[in-house]
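Before anything else, here's the structure in question.
Letters A, B, C and D name the chains as they come in the text, with residue numbers starting at 1 for each one.
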Amino acid sequence: MRRLLDARTGGLLALALIIALLPLILPNKFYYDVAIKTALNALVCVGLNLLIGYAGQISLGHAGFFALGGYASAVLTARYQWNGFAAMAVGMAGVGLLAFIVARPILRLRGHYLAMATLGLGIIIAIVLNREIPITGGPDGMTVPALRLGEWRLIGTTTWYWISGGVLLIAVWLALNLIDSGVGRALRALHGSEVAAETVGIDTTRYKVLIFVISAVFASLAGSLFAHAERFITPTEAGFMRSIEFVTMVVLGGMASTYGAVVGAAILTVLPQLLTKLHDYEHLAFGAVLILVMIFMPKGLVPTLQNRLRHLVGGQPR
Amino acid sequence: MAEFLQFAFSGLTVGAIYALVALGFALIYNASHVINFAQGEFVTIGGMATVALMTGGGLPLLLAIPAAVMITALVGLALEKFAVEPAIGRPGGASVVTIIIITIGASIFIRGVVQVTLGKDFHRLPAFSGEAPIDILGARLQPQSLWVLGVTLLVVAALWWFFGRTRFGKAMLATSHNRLAAQLVGIDTRLVLLASFGLSAALGGLAGILTAPITLTKYDIGIMLGLKGFAAAILGGLGSGPGAIVGGIALGLAEALAAGYISSAYKDAVAFIIILVVLFVRPSGLLGGRSTERV
Amino acid sequence: MNKRNFLRTAAALVALGALGIAGAQAQQGPIKIGSFLAVTGPASFLGDPEAKTLRLYVDMVNKAGGVNGRQLQAVIYDSAGDARQAVTFARRLIEEDKVDIIVGGSTTGETMAVVPVVEEAQIPFISLAGANVIVEPVKKWVFKMPHSDRMAVEKIYEDMKKNGKTKAAVLGGSGGFDQSCRKEAKDLASRYGITVIADETYAPTDTDMTVQLTKIKNTPGVEGIVGCGFGAPTAITARNYRQLGMQNIQFYFNHGVGSQQFIDGAGGGAEGMRVPVAALLVANQLAGNDPQKKVAEDYTRAYRAANNNEAVSTFGGHMYDGFMIAIEAMKRAGGTDKAKVRDEIEKTKGFVGADGIYNMSATDHMGLTLDSFKMVEVRNNTWKLLY
Amino acid sequence: MSVLTVENLSKGFGGVQAVAELSFSITEKRIHSIIGPNGAGKTTLFNLITGIYTPSSGRISLLGDDITGLPTAARAARGIQRTFQNLQIFFNMTALENVMVGRHLSLRPRLLPSLLRLPASARADRETEAQAADLMAYVGLGKWLDADADAMPYGALKRLEIARALAARPRLLLLDEPAAGLNAVETAEIDELIKRIAAGGTTVVLVEHDMKLVMGVSDHILVLDYGRKLADGTAAEVRANPDVIRAYLGAGAA
């Protein structure tokens, strides 16, 4: 346990250092832009990893929650002149509520049924955002006002770099706390053996619902921040492919590894920027990368590399 | 009446497409409990390969069709052999999520290959028996729709025969019920798995060819057809063949009638709303059985 | 724990290093024209010919000696029509590739998402997307090329009015391009004494439109259908239109269908449909004294020669116009000073392009009029120029 | 006093009656065994008692309260714990964490304090950890504290399940074949462990095939055959019961 604690504080410190020092080597706004998107994707993935990696449930609809959060911020601030933070909070509460309402019936289901249900939910959200043009601006999207803190307008890539980096750090801290608590153990237990978890007295449905709601709220927060950082949002954010992207980030980085989720988000945010040089071959290459990583590193990058490294240094088990 | 019939024809035609895709999902799911998210891409390959063979290869339709079905089946086999089996065959197997990501990766990969080799344009196949619409009680039907419905029926009959009457079909069925037991009685379950991908791909390819004269074909047509087919498979009860057919037709009809009598604005949401409601109320689907977990 | 740190740092460095290598290219030398286009994805029918055109003309201009004695270099990114990617690529073009001008943005969504970025960076941006919001209100650094969705609808309504048709039905997809046209169709109707009595939608992935068309068919009094859309759904619509025997109702499509692919895909169903298009599509039918004839024919010839005889679409023409206006402005500005180039673009007068004759001003950052739109009809599987 | 009372309990799977019209009661602070040939319905009975299966008919009550309709977790909260014939270990955790999960009911973790790692929550966690470590030492797993569960040998995992079940401080502990797959030395150790647990005040119900173990520890034995009660009583009584002898040794032996 002491060791776990060390890994937590140590890992957090390292992440904080990276976030603090990265600006020294980021040459211009484009890199900041990529870094912001990495951090916000990572924010979603840290939450989603709690659901997929720790609770063993899959969601193919998290982009829907991300977009709902984004649009809550966009619509409430642009059309109703709400305070940005109030809009953000309302978005998170609303998304949490929606997740709660659908979660109870959905989470009785397992595996593929849950995949289908969340997929359907995400697609319905995307369709609604596309169709309700008077509210959402439709497929062409809508402009989002700047987030204001008192008189201070939060704009510019550097500002948003620090905001998204800070929020990510807090989110990682929260996630690590949760995993290493009684709640986290209950979640991991129901992933390990649902029957055994029930027998020791864990209300598994309740915990699944809880973690589904939490991960949805993380996504909503990321969506709100994205909307304000980018100052523009389109319904593509809710799309099926975006949901797939999030899941892929989690799985690629390493399920049941919070840092894995961050690394996965970083790789899959940066990768398209590299693959763009391949032009038409970009998608083909992306698909191939997914397949190969899953075949050769089914546990994901971070856990696999950790294992390799451990073997190399010949450390003790764990 | 004519209006209702017209809507119903539309629903049946589209529903038959969903049904064929759903059937592909069911086949693979039964053999391996894998949901193949690249199922829609088989539809793409069937249609696009036929177009390429006819325009590029100069083959007549009658030759291009079986060739394209073969090509699709080969892609299905390759998918199983090189992407799914290495993951499943590993000691300890692979998690549901891993397999989902692999098949999604495969779908992106296949789309990428089709896009690079055959282009991004949409194409049309000539209708098998002309374009002149048939008038039935005031509703007008494309003759190709009859082809789609007819072949769907034939496929159902052929599958019924295959699973009920042939040795290999029975082996596949046995594997779907209990993989371990099937292995113990000497069934090569790896071969069954491979065959299920081949068969399922061939079905998807056939669907793509049959429908290309109606829906046209394009490198990315498989995305939505795949998702709707998945929804149909779940609606009918995952792994149930008759369920897949019923689910597909039901979704197609529901979409058409909802667009006709309620509003077309949310037509593409209908399938997913239905599926959510069904999952809430009856998670095992329309025709799926309930299973008790063993401890 | 140390291992974790090491791993994480290594990953970050590798990623960033790779980015740096990819991006660190010569900063001096050629004039850089940046572009983000929907080369793949649902709007690839726009982005693909646009990208091909840009590559083609950069080559041609370079072979002819370049601009102001400098060679051109095109930097093209595929946004897949996704606004999020478009913003990243716009930043990359501006900050990393240090392009001198951006000509791109196939769709309205990506264009609008990028507007704040280019306004902040103060770099001239010529968009190739359709909606009026791009240039209304006028944004200092933003211009746009093609005819707007509104003009397409105006052209259609003019034709309806001329033929005494006053009751219209609107049928469109749910994509951005389609929705913009549907909105204009409903907003502008009253100005032409037209009432919209039916309004139907389909999804871009729909494979059958008979339901929507049946509803229009069964709405009494419809005299003209305004179709808003592009790509496969429009061809399917045309097929279903004939299947249902609706030829007694005149069908108009907006300019999204402006390619031979539409006619081929419709398999005869497009016969008799009318479409407002840019002159490019009917270059060979233009009168000999039409100033656009030569431009359109030259472009068609060059494009087909470079692309395996692929038929031209009007969308590649948007890129041609944007590119030409950009380099003309650079020539007049005598360099690539961004503010000067911007001013020169705004002063574009009488430029004959594939889409029409451009006359820009401080209040009009598009510069086209309705005259340069041609009304064509599908006859014998080809476009026939009406007027 | 009776801890557990089962009345007319039946459970069928399709055409097969796994448990039929079964009635018996379990008295406090003793070691009970349920024996019977394979397929006699022993594990099904455990699954019914813990609420993993719902019975076709009949009633189960714990300390006089009807618990027939309660979900598994709620029965755990009332003091029923069990182990599994085919292990149900949380292989994604360490051994210690497995036992800590067993403390779930008394820890009652709450979301916000856990997320923020408030001092009270952290303290409770440390206490749980200490208790779990004690329990592991109690079942003889002291040297496995930090091991990953998936790196432990079979015999140790059997004890780990017992430690996890004990962590909940059950009134009734159901052990499903705790000695299966163990060698003679290990079986003897388990024998001793079971006695210690019972001596500590927990009522133990044992399903076991190892007759030496059963006869040695049991205060009371229930014999099942095809889901029905064949006999019950003390070890000596059961051993002398002609029905039991016939079922075990075959007809003619009587």
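Assume a residue touches a chain if its C-beta (ideal position, glycine included) is under 8 Å from a C-beta of that chain, and two chains touch if they have at least 3 such contacts.
These numbers were taken from a predicted model, which means no experiment stands behind them.
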Lowest number of touching-chain links that must be crossed from subunit C to subunit D: 2
Relative to subunit A, chain with the most remote C-alpha centre: D
Distance from subunit B to subunit A - Cα centre to Cα centre, in angstrom: 32
Averaged-CA centre spacing for the pair subunit D and subunit A, given as whole angstrom: 40
Centroid spacing, where centroids are CA-atom means, of subunit A and subunit C in whole angstrom: 34
Intercentroid distance (Cα basis), subunit D paired with subunit B, Å: 47
Subunit B, residues touching no fewer than two other chains: 115, 223, 265, 268, 295
Residues of subunit C whose C-beta touches two or more other chains: 40, 174, 201, 203
Contacts with 2+ other chains: residues of subunit D: 52, 84, 88
Subunit C residues within the subunit B interface of the complex: 40-42, 44-45, 48, 174, 200-203, 205-208, 210-212, 214-215, 218, 231-232, 235-236, 239, 242-245, 261, 264-265, 267-268
Subunit A - residues contacting subunit C, complex: 6-7, 10-11, 14-15, 18, 22, 25-31, 33-34, 37, 127, 130-131, 133, 138-141, 143, 157, 230-234, 236-237, 259, 262-263, 266-267, 270, 272-274, 276-277, 279-280, 282-283, 302, 305-306, 309-310, 313
For the subunit A and subunit D complex, residues of the former touching the latter: 1, 3, 174, 177-178, 180-186, 188-189, 191-193, 195-204, 210, 214, 256, 317-318
Interface residues, subunit B side, partner subunit C - complex: 3, 6-7, 9-10, 13-14, 17, 115, 120-124, 126-127, 131, 133, 140-142, 211, 213-216, 218, 220-221, 223-225, 256, 259-260, 264-265, 267-268
Subunit A partner contacts - residues on subunit D that touch it in the complex: 50-52, 71-73, 76-77, 81-82, 84, 88-94, 96-97, 100-105, 107-111, 114-117, 121, 124-126, 128-129, 146-148, 151, 164-165, 167-168
